[in-house]
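Below: the structure, in structure tokens.
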Amino acid sequence: MLTKEQIAKRIARELKDGYYVNLGIGIPTLVANYVPDTINVTLQSENGLLGMGPFPSEDELDADLINAGKQTVTTLPGSVFFDSATSFAMIRSGRVDLTVLGAMEVNDQGDIANWKIPGKMVKGMGGAMDLVASAQQIIVAMQHTNKAGESKLLSKLTLPVTGLGCVKKIVTNLCVIDVTPRGFELRELAPGVGVETVKNATAGKLVIEGEIPEIQF
Amino acid sequence: MHKVVQNADEAIRGIQDGSTLMLGGFGLCGIPENCISALVKSGVKNLTCISNNAGVDDFGIGLLLQSKQVKKMISSYVGENAEFERQLLTGELEVELLPQGTLAERCRAAGAGIPAFFTPAGYGTEIAEGKETREFHDKQYIMETAFESDYAIVKAWKGDTDGNLIYKATARNFNPMMAMAGKITIAEVEELVEPGELDPNFIHTPSIFVNRIFQGTHYEKRIEQRTIR
Amino acid sequence: MLTKEQIAKRIARELKDGYYVNLGIGIPTLVANYVPDTINVTLQSENGLLGMGPFPSEDELDADLINAGKQTVTTLPGSVFFDSATSFAMIRSGRVDLTVLGAMEVNDQGDIANWKIPGKMVKGMGGAMDLVASAQQIIVAMQHTNKAGESKLLSKLTLPVTGLGCVKKIVTNLCVIDVTPRGFELRELAPGVGVETVKNATAGKLVIEGEIPEIQF
Amino acid sequence: MHKVVQNADEAIRGIQDGSTLMLGGFGLCGIPENCISALVKSGVKNLTCISNNAGVDDFGIGLLLQSKQVKKMISSYVGENAEFERQLLTGELEVELLPQGTLAERCRAAGAGIPAFFTPAGYGTEIAEGKETREFHDKQYIMETAFESDYAIVKAWKGDTDGNLIYKATARNFNPMMAMAGKITIAEVEELVEPGELDPNFIHTPSIFVNRIFQGTHYEKRIEQRTIR
């Protein structure tokens, strides 16, 4: 089983030098902590910042400088501010290479649901619908099952959809999965997790071929 | 140009029950604090507010919700706000949620004289219901229209008396597009200067978009998520 | 008969305090020389300048600072530069209060032709089609007849149209005309010009009611 | 980021016969002089050039016309250019004219992931022929689509090695939208600096839009209409 930090650490391996990356709230945010020293990655925050730095020291704290999670942040050399229209221009035109976000459900066609639970207070989709409709590459970071123990990897979404056919890779506490035309293709297993565990926790079409390696940290 | 008004009370003159307002800001960052206070004081009701977020219970647009002045919110994320939730559940408040990029672009379109455009955001979701869809280059898009707003109320860092504006850091967010989009645009600034004091090469909102401007006071600039290294 | 300068001078009287104005090439440019001292008018140049100042002195000359006619100009306090998309955002959204431009032909419905003569080298419409489609108020500055002595105020355009139903006022060397649902309404006569002269020079529907005053300078 | 290239020859690598290029500038103001020279030197042919103007006989895009490298010009105003006129009359050169605001917005749309939008410019004219028209709020509009361009070549005043750009005065013009719109965007700058030297609050083109950047040399900055007070 992977911890949240390990999920983030595994996703960080997907980063390539020169990537522009948008990280969602929650586990995705943690990915920033595991960017390899050997590469240069620029974080885009959709509220209008490219080149997001770490949290500020007390001295650096600036109410006018926040990220899309409304957290105070800092800039780095080469950072740039812009308005929300320009921010989503970048996103919709495919200039953001990778988006990492959480999900409530993903199905084996790559559809994602992550913004609304009928009957519960709806907070809104924020920038998620724009991101999933346009990012070059989308990785979902989430727990494999929900709090009731039910699979979040389905053949058919039960919740309102956020975007269609957009998820290409999923990293959960159990494994790494690629979403391909054949379904959920199991690529790697978390340490101590067996194929049967993944099978039992996956409701959608799971494809298992050959020996599945264990994620090494 | 006679754009300078003395204070927020004067700036919001003409806003009536039932008016549609755009309000700049992302969370509590870059919101027009003075004008929101003046709106609460004015008691104007049944407002439709176009704003990315709805503030928190006791700050930002939350103040207008507390005093039940808002009929409808058009936002991308309404977040944590107990009074908001209560009004929504009782049916006192109407909410229209839409993708953040679509919200930004519908403001920009209004300010650019573009009545409608196509975006991929929300295709295949309930956001697309009732909207025209179309394929371009093997990808599906939905048609979205420009907002119509009686007033846009924005907050800038510095402005000149002609109405030119500059914003600071991520307090820029939706403010520039909304400034373009209001039938009447009201700008409150932290510092009001004379024409010529701002570098013409580095102005974010050209004066032509601004109808009224004043220097605000007592900015609280509340931080929603105070995160320290 | 009005000189070009007098046409410009007469048009300048239509300016109001606080107006944002776009002036086309030719006679319209001259309007800037006659703005009354008592009012404040801001000139928009569609290549990306609001608050256009006079031509530069030798010392001020800057190749990076031109107007839409490609002439070197200067800025004024409060001037602002922007890109072409923002420039036409201002124009299309109706923030430019008045556009003054030249024309080859205008008809009595307010349609204008000013960009193309079939069989001749076509230079292009530049920003004219955007301007006439969107400006709040459009005044045409032109000679009443062409070089062949033919009327430029027609019932039907003979040249390719630039915009439909957009011209509200015309100032020619002969007179001032308002374009209304009734046609070309004669408002003022140039000094020394009689009603018959205007009648003979106008091919479109001309409306003459009551005593027509002479333009005073 | 590895965006920095040594010179214009390296910057234009990959541009092939038949490529579509956007070229920034208004008249001769803000044009990518170094890249135009390199294109002439490269001998690449059958180019489609999207640019507001076509230069003059012996400068700007006029140089590419002289060497017969341009198959088609997409512009709003082609002005005075004898060679241009000759090629047009003999049918060697194709020209598509469109309204200046439409040209700007079709660039911006490409850079904003907006495949199509509606504009009033050109309604009822030959520009509208074959295009979809639609009424919004009692006004007629035509649908225009985003440009597709293999390369965008822009000229900025200053840039940093990450690709952030600032422009000077009216040399900005079409450059920022084109920088957003190219599949590959090439920027030449008068002064190339290190990241952090440009104020993040006053950058016109964010780095994410720029793929290659270099400091140009020997800018002539020819003035088309030298008017003195």
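Note that the chains take the letters A, B, C and D in the order they are written out, and that residue 1 is the start of every chain.
Just so it is clear, contacts are C-beta pairs under 8 Å (C-beta built on N, C-alpha and C of every residue); 3 or more make two chains touch, one makes a residue touch a chain.
All of these numbers come straight from a predicted model, not from anything done at the bench.
Peer 1: For chain A and chain D, what is the smallest step count along a path of chains that touch one another?
Peer 2: Each step joins two touching chains, and the minimum needed here is 1.
Peer 1: Which chain pair is joined by more contacting C-beta pairs, B-C or C-D?
Peer 2: Most C-beta pairs in contact, of the two: C-D.
Peer 1: Which one of the chains is farthest from chain A, going by Cα centres?
Peer 2: So the farthest one, by centre of C-alpha atoms, is C.
Peer 1: Centre to centre, by mean C-alpha position, how many angstrom separate chain A and chain C?
Peer 2: The answer is 56 Å.
Peer 1: Calculate how many whole Å lie between the centre of chain A and the centre of chain B, each centre taken as the average of the chain's C-alpha atoms.
Peer 2: Averaging C-alpha atoms per chain gives centres 29 Å apart.
Peer 1: So, what's the distance in Å between the C-alpha centres of chain C and chain B?
Peer 2: Each chain reduced to its C-alpha mean, chain B and chain C end up 36 Å apart.
Peer 1: Name the residues of chain A that each touch 2 or more other chains.
Peer 2: In chain A, 75, 81-82, 85, 88, 91-92, 134 touch at least two other chains.
Peer 1: What parts of chain D, by residue number, touch at least two of the other chains?
Peer 2: Residues 105, 108, 112-114, 119-120, 167-169, 200-201 of chain D touch two or more partner chains.
Peer 1: If you go through all the chains, which pairs of them touch?
Peer 2: A-B, A-D, B-C, B-D, C-D
Peer 1: Under the stated contact criterion, what part of chain C meets chain B in this complex?
Peer 2: Against chain B, chain C makes touches at 17-18, 20, 40, 42, 44, 50-51, 75-82, 85-86, 88-96, 134.
Peer 1: Name, in rising order, each residue of chain A that touches chain B in their complex.
Peer 2: 45-49, 54-58, 61-73, 75, 81-85, 87-88, 91-92, 111, 121-130, 133-134, 160-164
Peer 1: Can you name the residues of chain D that touch chain A in the complex?
Peer 2: On the chain D side, the touching residues are 1-2, 108, 110-114, 160, 162, 164, 180, 194-196, 200-201, 203, 206-209.
Peer 1: In the complex of these two chains, what residues of chain D are touching chain B?
Peer 2: Within the complex, chain D contacts chain B at residues 105, 109, 112-120, 134, 136-137, 139, 141, 145, 166-169, 200-202.
Peer 1: Going by the contact rule set out above, which residues of chain D touch chain C in the complex?
Peer 2: Listed in rising order, the residues of chain D that touch chain C are 26-30, 52, 75-80, 85, 88-89, 95, 97-105, 107-108, 119-127, 157, 167-177, 204, 221-229.
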